[in-house]
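Listed next: structures, encoded as structure tokens.
Two complexes follow with chain A in common, the first pairing it with chain B and the second with chain C.
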Partner chain A sequence: MTEVSIEKLTKDYGQGPAVNAISLKIAEGEFISLLGPSGCGKTTTLKMIAGFEDATAGAIRFDGRDVVHVPVEKRDIGMVFQNYALFPHMTVEQNLAFGLEMRKIPKPQIREKIAKVLDMVQLAGYAERYPRQLSGGQQQRVALARALVIEPKILLLDEPLANLDAKLREEMRVFIRDLQRRVGITTVYVTHDQAEAMTMSDRVVVMFGGRIAQMGTPSDIYERPANLEVAEFVGQVNIVRGKVGGGMVSTAFGDVPVTGGHADGTELMLALRPEAVELLPVNSGAAGVPAKVLSSYYSGSLVDYRLELAGGATVNVQTFPRTRFADGEQVLVHAPAERFWPLGSAA
Partner chain B sequence: MSKPFLTLYCLIIYAFLLAPIAVVVIASFNSGAFLTFPPQGYSFRWYVVFFNNEVFMRAIRTSLGIAAITMVISGIIGTMAAMFYVSHAGRLKETVRIAMLAPLLLPEVLTAIALLFFVYSVGIGTQTMFGMVVGHVLITLPFMFINVSASMESYDPSWSMAAQSLGAGRFTRFRRIMLPLIKPGVIGGCLFAFIISFDVFTISFLLKGVGMSTLPIQLFDYLRTNFTPEAAAVSTCSIVLTMAVVVISEKVLGLRIHRF
Partner chain C sequence: MNAAPAKKGLGPLLLIAPAAVLIGVFLVLPYLNIVVMSFRMPGQGTPYAPGFTFGNYGKFFADSFYIMQVVNTLWIGFLTTFLCLVLGYPVAWQLARGNSAFRALGYALVLSPLLVGIVIRSYGWTILLGNNGIINRTLSSWGVIDGPLPLMYNALGIIIALVHVFLPFMILPIMSAIQGIDPSLELAARSLGASKLTAFRRITLPLSLPGMQAGCILVFVLSLSAYVTPSLIGGLRVKTMAVTVVDALIDTFQWPFGSAMALMLSVTGAVVVIIFGRLTVMKWKA
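Right, the complex of A and B next:
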């Protein structure tokens, strides 16, 4: 088990930094996701941790030892590539044996370790197959097994689920997460898919433009986003604007208390997640703001509504389909004050 | 095109390509004293003469030796050039390609004359077969390069990266991952190099060492003064040898091992 510490890591290809002085500590056995849109520097960061890219400046430490000048093959990492990168001219067994042979492990032990890891990824009996004879999901698991069988210090995954279909992707999320917990290996996972990052990680690192925008547990990121960019990148969000007055923000949903010493009169943006909003029938007599249903999208377990508030603002709401409202129907909208999250003053 | 017509068309093309070879082979079994077609009778007479002709036998050995040396050198340089071209050339890619293919674009005789001037002006001369080997490598290199770079195009660089992440150094990555995967291109290129070197005339003629002769040169020399079916026998042996190289390398080394 290895602790990874990254300090002021920078990569500059010559047109301004692709990764800009990021610092990050990854605890032993922790599962960290680097999340962000393409070009945000997440893959470059991963490649620097792996050693495929040289750092322009900064340090990468595995258990306190700076590895910046250690070549990839000596870093003792396990890496899973987006396209799996299984050696097509080798069987599953030969693929798995490769890393062990590089470590000069005796043959009987190699066989033992391979049997064990194949069992772990539920591919016992597939040792003699060639990669082309396996499905995408199976290839993915072989790639994972190949990275784990060498018992590396850290496991690095570069968008490993991007090439799988939706259903398999969800299965593999759980599979990888369970496996990682069982093995207890420090893991860095790169993805642009926020759902993937949220469900799998202990902590998520959101990156924009080569910088860390926010770092925290999935619920930190989702419920307390650091800024507008993070709030909009991670899931759906309504941005509610309102003026501050006496510790309260007056919004279309009513007055919402805020902390943080905003001066009276500043216009503030608040994040409100669609599922935090309740919809009630008009005749229920409950507290709420009147609104009209513009459109609704039914997806089985959930319904997404688009509503127009009395003041003309639109708001997206996600509810369980227990009570359905028709398009054009008048409803009451209620959002609990604690579900609003301040994002800073509006520009 | 309808199927029977297509078949006929293919047969005609094959006949056009193979007929001269067939004529040479048939003529080599002539029992008469002159190179005529159709032969006046059939015998192995001229093969016996050929195999007992020390001059021809020495020329064949020289040709095989030079073809083998050329193949190895061209194979190494061509593979390295293709690796550079595919993964490191960057913006120079097109320039590198044109430079590598240039020997194909120049008339062979110009290359030969230029090389002749060159080997004399740097003091190597034609006392040894060094100049000739350089010439052979030069004209076989494009074929090596084309073959290897074509098979490199389907090589995924992440295979090397994966091997590296598993602890393989530069040499191991090449030997255990890249080489097996580009093997069809390397073997194909080597075959081309061998056969072209075995067959080349102009360069050998100008750059050959003193008193040294390759098979095509010896044959040309012979035909200037003689017109016996021995020449056809020599040619036939040369054809058989070339084909044997192709067939054996395909069987032993396997050109079609990888189908993804």
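Right, the complex of A and C next:
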């Protein structure tokens, strides 16, 4: 169990910083995701934690000890690569034994540990196979087992599910998360898939352009995004604009109270998640803004509507398909005031 | 549901036909002719006489001179192959993994021996290695040596020249094998606690074995059958099998015996290559 602390970590390849003075504390046993679009610096950060890349500046501490100048092989990390990086010339057993051999662990103990970890990843009986004889999901689990069998201080995962098909990806999400909880290992997970980051992590670190845009629990990130970029990157969002006046923002949905001392007259952007909006029949008599259904997309458990408000603005709404509205139908739209989240003044 | 029968027209056959005809007419037929020739009666004043015999093979096995020559040829082949492997591997690694500025230059340097004809290259080596050659003259003018070093007219000279000539055939397959190895494998090994050297020894080296295997077979076979270099550098004193075969066929006009010797050389080479292939079987490859 290791606590990782990163201070002002910077990586500059010579064309401006790829990672720009980021600081981050990861608690013992915590599952952290680095989430962001490609080129945001998340993988570079992971590589610096692993020791594959030298830091240009800053510190990385494992339990208080600075490891910036410690070579990869002495950092005691477990790494899972996007393409698994299983040794093709070794059987599953030999792959798993590699790290243990490097640690000079006696043969009988190696055999014991391998049997245990194979059980853990549900691959008992596959010890003699070569990687090419395994499916993608099985290779993934061997890679995970190989990283865990050495009982490293921290587990690093670099987009490990990117090469799996959608169904397997969801299974593996749960599998990795359960395994991580059981082992209790401090974990850093790099992904560009917000659903992965949200479902697996204790905390999500959203990165843009080499900086941390926001750090928080999945619900923090989703419900209280720090800015427009984060709001748009994590899930779908409606951006509602309105002018401030007397502690309220007047929007197409009506007046929404805001805190934070915005001067009267400034134009604010508010985030409104599609599932926060309710759709009601016109004849229901409930409070709401009239709107017209432009189009709808049915996906089984949910329906996505695209609506046009009376004022001309469009809004996306996600609901359960209990009541269906037809394209062109008039409806009432209602969004509770507390579901609007201010993103700052519009540029 | 009826599965559509696989379309197997004449297309593929037509595509390989030109190469097949070329190989058939100019390689397989002459080879068969050599096999037949090796069983013909030796002639007096003619290349061969009517009738068939096993006598040519008997003559070959009866005389330890010929057996020793096969052994010598194999020995030269082994050493040349080994030296090419040892010298070529680091170059191949640099070409595959080194920085790109070096790569273009290195590639040109590796291929450059192939741009010059083999006769010219071998003559070049005689200028360097001869008793009155550049190396011996320089060393004696410096007072390092009293008499000339025996660099030519022996196996050493042949091996030096063959290594130079065949080095590209070792480097290129190894280079392409190393290029095919995912660099993240070495990173994975490092993350598991292996030093750079251990990661190379346990991961990159065994994974480049297919390239080493191909390179070794190429260089070995080429060394066995090399004629120009051994005949120019070995002179009359050291003869490899290929040189003796040509002597028999052209100088002494013994076509049947020459054919028998040529076949024995081919068979020994093939046996060595097959044994080598068996020893280097890679179970992990599909």
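In the analysis below, the second predicted complex is superposed on the first by the 347 of 347 C-alpha atoms of A that agree within 3 Å, B and C clash if a C-alpha of one lies under 4 Å from a C-alpha of the other, contacts with A are read in each partner's own complex, and residues count from 1 in each chain.
Throughout what follows, contacts are C-beta pairs under 8 Å (C-beta built on N, C-alpha and C of every residue); 3 or more make two chains touch, one makes a residue touch a chain.
Worth saying up front: this structure is predicted, and the values here are computed from it rather than measured.
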Partners on chain A (chain B, chain C) - clash or fit: clash
Touched partner set for A:Cys40, first chain B, second chain C, both or neither: neither
Partner chain in contact with A:Arg132 - chain B first, chain C second, else both or neither: both
Touched partner set for A:Ala291, first chain B, second chain C, both or neither: neither
First (chain B), second (chain C), both or neither touched by A:Val204: neither
Partner chain(s) touched by A:Ile221 [first = chain B, second = chain C, both, neither]: neither
Partner chain in contact with A:Gly78 - chain B first, chain C second, else both or neither: both
Touching both chain C and chain B, counted on chain A across the two superposed complexes: 50, 52, 72-74, 76-79, 81, 83, 85-89, 98-99, 102-103, 132, 146-147, 150
Interfacial residue positions of chain C with respect to chain A in the complex: 182, 184-185, 187-195, 198, 202-203, 206-207, 282-284, 286
In the complex, chain B residues that touch chain A: 156, 158-159, 161-169, 172, 176-177, 180-181, 257-258, 260
For the chain A and chain C complex, residues of the former touching the latter: 50-52, 71-74, 76-79, 81, 83, 85-90, 98-99, 102-103, 130, 132, 146-147, 150
Residues of chain A defined as touching chain B within the complex: 50, 52, 72-74, 76-79, 81, 83, 85-89, 98-99, 102-103, 132, 146-147, 150, 156
